[in-house]
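The two complexes that follow have chain A in common; it is paired with chain B in the first and with chain C in the second.
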Partner chain A sequence: MPPRFVTATMLGWARCDHCGAINRRVTRDRCRCAVCGATLPRVEETAQERRVVWALLLAAFAFYFPANLLPVMTVANLGRSEPSTLIGGVIHLYVVGSWGLATIVLVASVLIPFAKMVVLGFVLWVSGTRRRRWQPVAVRWLRWIAWLGRWSMVDVFVVALLAAWVQFGEIAAITPGAGTLAFAAVVVLTMVATERFRPRWLWWESDFDGT
Partner chain B sequence: MPRADVVVCPECDLVTRLPKPLRGKRAYCPRCGAVVWRSGVPFRALLPWVVTAWVLWFASGVQPLAQLELFGQVTEVTLWTLAAALARGHETGLAAIVSVTTVFAPLALLLTYTWLLVPLWRRRTVPGIRLLLRYAHWHRHWAMLDVFLLGVVVAVVKLGDMARLLPGLSLWAFVGFTVSLAVIHALFDWDRYRAEWLACHRVS
Partner chain C sequence: MTEHENLLTQLPEAQPATPSGAGFARWAIWLLPITALVIAFWVGYQAWRDAGVTVSVRFPTAAGIEAGKTRVRYKEVEVGRVTAVTLDPALDQVVVTLSINRDVARHLRADARFWVVKPRVTARAVTGLETLLSGAYITFDPGKNGARQSHYQGLNEPPLVSAEGGGKRFVLTSRTVAPLEVGTPLYFRGLAVGEVVGAALDPEGTLRVSVFVRAPYDEQVRVGSRFWVQQAARVEIGGRGIVAEVASGLALLHGGIAFDWRPPWGDAAQAQEGHLFPLYANMQEAENPAPEFRLIFRLRLPEGVSGLYPRTPVFFSGFEVGQVLGVLPRFDERTERVSPEVWIEVWPERLDLPKEEARVQAIFAAWVKEGLRAQPKPMSLLTGQKMIDLVFVPRAAPAELVWEGGYPTFPALPAAFDEVARTVTQLATDLRDAPWKELVTELRDAAHGLRALLDAQDPRSAPRQLRSVLQRTDRLLAGLERAPQEVMSTLAQVRETLATLENLTASLAEDWGEQGVPRAQLQAVLQSTQRAARAVELLAEALARHPESLIRGKAR
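What follows is the complex of A and B.
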């Protein structure tokens, strides 16, 4: 039975991940892009590359806990200094009564980074199985996290700006805490992991079944 | 090179032929829905945007983004000194992240777009194009100007009642710079660029 779809790999072609050029007659010895010189993707290296993405994801997950437990910044106000954590900030907003803002902060800085890691784990798992039922879901969710990924960096920028602006000595000063750096590590590691995940891994298995 | 109307899906590796005639702004992969073709503009049309971006880049760095006033004391920070201010407070990690995402990556991206246009203008290739084609997507990924702008808005809201904030001219220049980089990015047609550059490359 002829395959329903023709892929570049079946033809012995490869599309360069870096510059997008289509290379023909790719073999083990000719595996560099003719236009930009980058190494072309190969089916045989999928397992190795997937392990790298798993490792990055686990590292991001490890940083998630200090990011939420350590203070993101310390606010010194007229001699009193108050360290504040992400969760502490949310609770404070609830207590004060700004429910809307509290929910936005909770979703943007606590839930979304966590959801991103769960989704990437799910997509990685789907790419390793032949569960074709989950393929369309995985593809859609992967696009969502690839788009959302960078926006989590907002919290890091806010702390950086506040720390640079609010420097009034005794009256008021803001110092960034270790939590911000851990949070930045979560964002950067998930971004790198998402970038290194190749969506074609979701399709390759079924491509070679000939279905 | 395969025929020009044959494309390979960047996400699922599917080989398809583009519909003829090409209509609209984009064409999508029939299997996974990824964008396989985007309409572009002639590279000449990018030049005014590149020049604008350069002017706004300088304008956004030389003056403070905003001044903060509290009991008569004023602190100010420019885009270029933000990272330096953090580094002075021994926040080197944060300083590194902020400087890469808001200064170095956007500058590298603008330099990349500028240098890429040189061979098309001189009708012969210049050194470094291969390297730029290879790493341009990296700069695109780490230049987070839009996210930084959102951060400015959130920081201003948070400071709200604590101190008085006076936005500077540079903040608007920075908004303009962000927009012009986004426009260049949206209009740049990488497939056509590779074809035109290869043509120049063979001549020289």
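What follows is the complex of A and C.
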């Protein structure tokens, strides 16, 4: 089956990500840009890069559970300390009748981080199997989660602000809990994973670039 | 663009680079998710451990308990929290769901007890003040036996004794009312060594009091130890004199239970946990306890008797063998009289009788046939205390033990004290009703007769002596009539007068007899005088014994 398009790799070229110079590839081994000396992406290293993204994604997924189940902050009020978790907060909001607020928190803090990881996993899978019909879907979703990434840290910032503001000793104090750290880890790891994913992996017919 | 096209043919050649690291570097990236997983699992495990074990406890009320806020503490260390407060389906109780740290919950046993700590003010102590600010919390005693349960019944009140302190529980049984409540202190020789931890009535109506004796004093509880109720203060005026006791310390406010052991009280071995002891009403009873084995008799006394109360002793040939249980009035339809019915219990062991009820009943039945009767008697004239004496009456009217309503009726005699009282009263009445006027009149008549006789006789030979004697007698009698109180002082005069009179008349008789004076007349006068004198003497004696009755008679 002839390729749908031609890439630099297929022609035996490699574009340097740093200076943009097109180098001619003489070996499949790791090589450097003749102009700036930066390491050129290699076909084999693409697989390695994908492994890195997978690892980041799995690590983010591992932190997702403590992020939701551990208290994100502890409110100490007149001697009673009250740890609250994300899920617990959602349930509490729902029970007290603020189902709208509960939905917002649920979507923003629970569902979206999960959706991001699922989408990234799906994109990685698509880039591995190279199924053509999923490629446009995957690339659209990838752009969407990259856009969403900028809002992901809102929860962490809220907790950080509250913890900084509410410090009145015995009367009231808010301290961030372990859940916040886990949540931040989820967000950072997904963001890094998203950044390291190169959308061009999706379009390649094979790791061999046709040579 | 075109000027660059040929550049494609002159592309720079990529420079060889140091080959990427060994195989390890390629796979090292997997350490990241593995580390993440390890951290997540570790944190998850900690969360699971801290999340704790769910235990539900039922309380009568959820006052002060709030889901999510109320803490569970053990020795003032927070070990859990209340996660939910719900009502049980029957709306009888509140089900409080607790989440207790796993490593603490491991120590919960089947007999664990949960209670709410909140401010409490009792006569003994003020507790839980610290909860005024922080709110009530739930605490527990982990218990000792059995496996952990998922449902417990909470206590309404904090238990006074925690199992952690060490000590033993014992059970006291009492047939009478004991002024006790949970927390009543337990004293051993004046030192508070424990408390009452519970009191309940068993189906037979026996009061069962659970007490806890703290270590190391629990060793002082012997198998033969005796427990008694220590009242705050007690004064008993009984046949044995006046006894006063004042308790020490808190017992003054609350009363208490005391226990002790002395050599004659039986086994000195240490009592085991849960040992049953009788609880005596007071120290005297503990020292001389009423045996368990008893016979109950009913006495029908012919007349009302004062001074018979519950615990009045029953004696049998000098031994205290029982006590009065109660005195009830009974109306007799036939005679239309109210007479007392006295219930007594008799302890056959005190008479060394066998411990078989049928045997002892038979023995008593035989004794009654031989004349054994119950009779109320004074025990102490000083205090008016009575007793019931079981005495053999010789030639008693035949009687038997009569069974009525499940209890035998013991034949009874009228109160012995009442016989004496009746005699004395009769005497007083007789004295009061004595014909004083007539006696005095008679005496005066005699004096007049004597004077008339003397006047009729030769005044020469009638000595002035005699005249003066008569005058004195007259005065004496007048005084006697006026003031009975003066009788005692005048009695001497009367005696003197009579003696003189007798001498005189004797000499007169000699003189007059020769002169033909009617001797018989003189004799009659003398006899009359003597009778009067005797009457006065009797009166004086009676007055010496019972002056009051005379006053009462006079007042009438």
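FYI, the second predicted complex is superposed on the first by the 169 of 211 C-alpha atoms of A that agree within 3 Å, B and C clash if a C-alpha of one lies under 4 Å from a C-alpha of the other, contacts with A are read in each partner's own complex, and residues count from 1 in each chain.
Definition applied: a residue touches a chain if its C-beta (ideal position, glycine included) is under 8 Å from a C-beta of that chain, and two chains touch if they have at least 3 such contacts.
Predicted, not measured: the structure shown is a model, and the values here were computed from it.
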Partner chain in contact with A:V159 - chain B first, chain C second, else both or neither: first
First, second, both or neither for A:A21, with chain B first and chain C second: both
First (chain B), second (chain C), both or neither touched by A:L111: neither
Touching partner for A:V137 - first (chain B), second (chain C), both, neither: neither
Chain B versus chain C as contact partner of A:T39, first or second or both or neither: second
First, second, both or neither for A:W13, with chain B first and chain C second: both
Chain B versus chain C as contact partner of A:W151, first or second or both or neither: first
Partner chain(s) touched by A:P199 [first = chain B, second = chain C, both, neither]: first
Partner chain in contact with A:V96 - chain B first, chain C second, else both or neither: neither
Contact residues of chain A, present in both the chain B and the chain C interface: 13, 21-22, 24, 33, 35, 37
Residue numbers on chain A that touch chain C, as the complex places them: 13-14, 21-27, 29-35, 37, 39-40, 45, 48, 51-52, 54-63, 65-66, 69-70, 78-80, 82, 178, 182, 185, 189
In the complex with chain A, residue positions of chain B that touch it: 1-2, 6-15, 31-34, 66, 68, 70-71, 73, 75, 77, 82, 85-86, 89, 91, 93-94, 97-98, 101-102, 130-131, 133-137, 141, 144, 147-148, 150-152, 154-155, 158-159, 162-163, 190-191, 194, 198
Touching residues on chain C, where the partner in the complex is chain A: 8, 11-20, 26, 29-30, 32-33, 35-37, 39-40, 43-44, 47, 68-69, 71, 133-135
Chain B contact footprint on chain A (complex, rising order): 5-9, 11, 13, 15, 17-22, 24, 33, 35-38, 139, 150-151, 153-168, 171-172, 175-176, 180-181, 184, 188, 191, 195, 199-200, 202-204, 207
